[in-house]
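There are two complexes below, and they share subunit A, which is joined by subunit B in the first and by subunit C in the second.
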Partner chain A sequence: MPTPVAEVRSLTVDLPAGADRRHAVEDVTLSVNAGEVLCLVGESGSGKSVTAQAIMGMLPPALRISTGEILVEGAPLPLGNTAEMEAIRGARIAMIFQEPTAALNPIQRVGRQVEEVFTVHRAGAAAGRRENVLSLFAAVRLPDPERIYRAYPHQLSGGQCQRVVIAMALALQPRLLVADEPTTALDVTTQAKILDLINELKVTQDAGIMLITHDFGVVADVGDRIAVMRHGIIVEHGTRAQIFSAPKHEYTRHLLAAVPVASPREHRPSDQLPTALTVDHVSRIYKQRQGFFSHREVKAVDDISLSLQGGRTLGVVGESGSGKSTLARCILRLEPVDGGAIRFAGQEIASATEATMRPLRKEMQVVLQDPYQALNPRQRVGSAVAEGPLIHGEGAAQAAERARHMLELVGLSPQSADRYPHEFSGGQRQRICIARALALEPKLLIADEPVSSLDVSIQAQILELFAALQKKLGFALLFITHDLRVAASLCHEILVMQHGRVVEHRPTGDLFADPREAYTRALLAAAPGKGVDFSKVLAAVTP
Partner chain B sequence: MIFWFLRKILRAVVTLWIVVTLTFFMMRMAGDPAEALVPPDAGPEVVEYYREKWGFDQPLSVQYGRYFGALLQGEAGVSLHTGRPVVGIVIDKVPNTLLLGGTALAIALSLGISIGIVAALRRNSALDRAVMAFSVFAFAMPNFFFGLLLILGAALLLKIFVGGSNAGPLGLLMPAATLGLAQLGAFARFTRSSMLETLNKPFMMAAQAKGVPFARRIFRHAVPNAAIPIVTLIGLSLGGLIAGSIVTERVFAWPGVGSLLIRSVETRDLATVQFIVLLVAATMTVANLLVDLLYVVIDPRIRVK
Partner chain C sequence: MMTELAPSSSRGMPVIVQICLVFVVLFVLFALFGEFLSGHEFRDTSLLKRLQPPLGAGGEAEYLLGTDQKGRDLLARLAIGARISLIVAVIGTLIGAVFGSALGILAAARRGWVETIIMAAVDVQASLPIIVIALFVLAIFGNDFLLFLALVGLFGWEVYARLMRGVTLSAKEHGYALAVRALGASPVRIYLRHILPNILNVLIVQFTINLPLIILLETALSFLGLGIQPPLTSLGQIMSEGRDRLLSAWWLTIFPGSLIFLVALSISLIGDWLRDHLDPTLRGVAER
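Entry: the complex of A and B
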């Protein structure tokens, strides 16, 4: 029986009075062994991050531990003693965060920030600290440690920042590493590399790793033992084999079912609707100033062509910086186009004036990534949905009626119209955004990463909603995502983008059956959870 | 980087030229200076004599050309009253005003920023509310009135009359406090909100997670980040300080540029007013240039590659 490096015993954390439940976490018991990854899985609000904060002794002031204790290497954490906790944090327990770039001080060189761990814990001689940092950078596979040492966070990619944060956490060889959604904010290929690194560190560092995630795909890649959490309670706890071969709790099955499977959905040939959009050799060039007279050109979108029929969905897949969102803004003419032609609703719009565009705007609508920021917090939901029809000339009563109808159509109650955005969850807000876009009965809907800030289980519901609404309303859908698995389940065709160019553009089934380009294969290989066949897992457990 | 700086300087020079030109024409559109200068009972031939003597009979374009040419050679004309070169008259008063303005800024910055930090760290406490109430009072208080209150208070309680030739630390501190008060309030509020925003950033949590003690988290991580927007405010507050110094100098009979400006406007001493306006504009321009540079020093994100 291995000795656990960390144990949580019947931990209960109270929420302040007036919250929607009494406890943030309730009677949670967990243990992490050395050389093992314990995955704590749950949706947002399940209490998994509160558990992590409790272990770090960093709970927000409003939350109090009412019962339970936390032991590291057999000794209870001195949670009440600030100085003793500061000595333990960063040394015996360390943490990795979700937003790597935001977890670093933006105005300090990253090397200094890692060095600070040695400084505040008075570890080793001051003279050797720089060398220590450089070897840590090499250990987390950062290229050119000397250059990274001198860099500021904004000069590094998200993946590099996460490696720096990991180096910072590993500096004093902690016994327990708490990783809170460490790959959620990263691109798929970067995510795969960071997960590889975590698997490697588990062995080399002989530390226990507690990894918090909402994505069973990630769990499949790194989890040795798994605890599933819901509403602050651990509903199921077991080894990887137990959970994947025989999940007992219904909620675990629900989460497993939500993992997007990287195989294309069957698409019955639909009625041939007229072509809604044609993009012909479109480019968008950004000019970066260099000195007084010269500038450098960056081709954000480089010679892209595509066409899209009503009732069809085209997935544009690429990693951050591939130009997929710029392409969307060009088509919406929220951004000028530097070359090529765009035909929409029978008109050439690449060089159209704003006056020409205005009546067309109603025909092309957009759903954005972050439903928390896409809605005006001071505007009632009904008025947000009715605003478009009102602007385009509909009467007030009629527009309000339409708003209620649209909200019903996206699965919300018509009474939602009188409420404010903050009263809704992330998934519900995204439904509101979809209702707002579709209230104008557009011919073209552009969805820019509409599910990537949502929990995996909510993602599946929103994707189904898109498919159902398209069937009913017949709009053309341009679906932008970084996740091939998500695109697979929804799109008729997929266009893979990299560095502003098309890598591969084919029907979804063909693309998955036989990816031609190396980059497409790399994207497919990077999707988390490839080691587990989720469709089989589910078939085995469905009664 | 060099180009960036040169562009900024070029912009500053253009700004100054616009200021010089605008003041030149506006002062002349406000009325005939010769009329205002000669005694009211002087005959038209006397007015005409002075008009010619000072060149006010020439077309505006000629006057402007002459003035601008002289300015480029470092001459801003002579005072219409004393006949002394304007540059000398104004420069004599500059140290006094700098002393007053500098002390006021130092008070506003040091006190304002520290109570702002304390308020942010003790958010929603009684202390926080007290600081915020005080800062509202500070920038709502007209400085001419607050100055008078101070003079009155000192006279009644300490039996000291502060003003004019009265030297000593109180003679400097009282006008400086009057002048700095409004800026102090602004700095306190600004620091508080900037600190609150920074304290909630993930990197502050990350610093805690790596075991950085509280004081070091605040002073090494939070304050430098929170300082970035405060630097902007320093540049902006300079305008308020200069404007305030004119009134404050008058209230305390402080022998500085502000008092001189009021006297010169009253007597329509064109050359002096023009030069002071130019000096103020130059101060503002240079100060904002320094603020831009300071940004580059503290925020690596805006350094041009």
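Entry: the complex of A and C
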């Protein structure tokens, strides 16, 4: 029996009066052993982050631990004592955050920031600190540690920043490492590399790692033991083998079933609907000023061509900075086009003015990534959905009636119309955005990363909604995502983009069966959860 | 996630802000109806009753706050002075707010050369002290109530323009503005129905910050003899008349001075509170 480096014993954290439940976490008991990764899995609001914050002694002031204790190497943490906790935090327990760029000070060189950990804890001689930092950078596999040491956060990629944050957490060889969604903000290929690093560190550092995630794909890649949380309670707790081969709790099965399986959408010959959109050698060039007279040209979208029929779905897949969102904005003409032609609804729109575009917008609609930003916080939901028809000349009563109907169509009650966006969850807001877009009965719907800010289990529901609505309404769908697994389940064809160019554009089945380009293969290989055959898990869990 | 767990904000208004609010309401009531408290007309002179001290300092009940060097009732004069100062402050602030905000939003909406010209004007205005402009204009064109209002209105427009340009630029990039534009909405609809309601709180806060500054500006100009001219009066003008008798007839400066000080302070404190209260990024900080 290995000795646990950290234990949480019947931890209960109270929520303030008036919240939707009494406890943020209730009677949570967990232990993390040296050299192992414990995955804490759950959706937003399940209490997994609160558990991590309680361990770190960093609970928001409104929350309070009512019962329970937390032990690190057998000794209870002095949770009430701020000064003692500060000495322990960073030294014996350390944290890795979700957003690496936000966790670093933008105006300080990253080397100095890591050095600060030694300074704050008065560890080691001042003279050797620089060397310590450089060897930490090497340990987290940062290339050219000397150069990284002198760099500012904005000069590093997201993955490199996360490695710096990990180096900072490892500086004083903590016994417990708490990682709260450490890869959620990263690209797929970067995520895969960081997960590899975590697997490597648990051995080399002999520390216990507690990794918080909502994605069972990530769990499959790194989890040795798994605890599933829901509504503040641990509903199931077991080894990797137990959870993946014989999940006991209903909710665990629900989460497992929600993991997108990279199995291509069935390729049925559809009735030949007319072509909705043709994009012909379109480019978009950004000019970056360099010095006084010169500027550098960045081709965000470089010579892209595609066409899309009614009732069909084309997935545009690429990592951040690949130009996929810029392409979407060019097609929507929310952005000027610098070259090429776009034909939509029988018109050439690449050079259309804003005024000529306005009536056409009825036919092409968009669903944006962040449902928390996409709705006017001061506008009732019904009015938001009715706004499109109103703009395009429908009567007020008729538009309101249509809004209620659309809300029902996307799975919300018609009474939702009278409520404000903040009363809805992320998934529900995305449904509202879809209702708003489809209220105009567009021929083309462009969805720009519509599920990437949602929990995996909610993602699955929204993807099903897209497929069902498309079947019913017959619009063409241009679906932009960074996740090949998501694209596979929804799209008839996939276009892989990198650096503004098309890497590969083929039917989904062919692309998955035989990826031709190295980059496509890398993307496929990086999808989390490759260690577990989710289709088998799925077969086992569906009764 | 934490936002969902955070308690619904149920913080009341601090006592000091409540006091300020009550004071401002009383001030407004005084400005509107204060002359009825006194039995005198603010312009009526009574040379026999010159420089009467207030009640409690050797004065009589007929002149509660005493009289000035021409025997006019100070209470009646303060009420009218407060009214004029308030009108000048509110209208002056409104002119600046509407004019400045419109230019700021226009700059953010149109970008390009429109923005360049507007922001250049903002920089020019910001580098010229308003008091110098006022001295210059009033010296050349002479004094006139409307001209004075316009000048006071000019004060602070550049702050609104800069502020509104900034918040509009950021609101414009918000998902909802983009989504509404994609629905086919006209710019007028996007800015009036969607962006403006979302940046209005910033405007309200700036309004409350600017208002006491305008009161002080009006007072300062009137004190220098450039503002409100007799027979009309304002708080600053009453003070300037009492300037020569600071020691012998202290009430002529102390009463209007305290009134200006307290009302400016009250509105400032309310403005500070509003700014913290309406700024979601500051929410929770004040609770700790």
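Definition applied: the second predicted complex is superposed on the first by the 542 of 543 C-alpha atoms of A that agree within 3 Å, B and C clash if a C-alpha of one lies under 4 Å from a C-alpha of the other, contacts with A are read in each partner's own complex, and residues count from 1 in each chain.
Convention: contacts are C-beta pairs under 8 Å (C-beta built on N, C-alpha and C of every residue); 3 or more make two chains touch, one makes a residue touch a chain.
Treat the numbers as computed from the prediction; the structure is a model and nothing was measured.
When the two structures are aligned on the shared chain, A:Gly45 is found in touch with subunit C, with no touch to subunit B.
In the superposition on chain A, A:Gly346 makes contact with neither subunit B nor subunit C.
Of the two partner chains placed by the overlay, neither subunit B nor subunit C lies in contact with A:Gly393.
Contacts of A:Ala19 after superposition: subunit C is touched, whereas subunit B is not reached. Look at A:Glu86: by the touch rule set out above, it reaches subunit B but stays clear of subunit C.
Within the superposed three-chain model, A:Pro60 lies in touch with subunit C and out of touch with subunit B [touch as defined at top]. Judged by the touch definition given at the top, the superposed model places A:Val117 against subunit B, while subunit C stays out of reach.
Touch criterion met: A:Ile107 reaches subunit B, while subunit C stays clear of it. Shared contact residues on subunit A (touching subunit B in one structure, subunit C in the other): none found.
Every residue of subunit B that touches subunit A in the complex is listed here, in rising order: 3, 6-7, 201-203, 205-214, 216, 220-221, 224-225, 228, 298-301.
On the subunit A side of its complex with subunit B, the touching residues are 56, 58, 82-83, 86-91, 94-95, 97-99, 102-108, 116-117, 120-121, 152, 154, 165, 168-169, 171, 291-292. Every residue of subunit A that touches subunit C in the complex is listed here, in rising order: 15-19, 24, 44-45, 49-50, 60-63, 332, 334, 357-362, 364-366, 368-370, 373-379, 387-388, 391-392, 433, 436, 440. Every residue of subunit C that touches subunit A in the complex is listed here, in rising order: 1-2, 4-8, 174-176, 178-186, 189, 194, 197-198, 284, 287-288.
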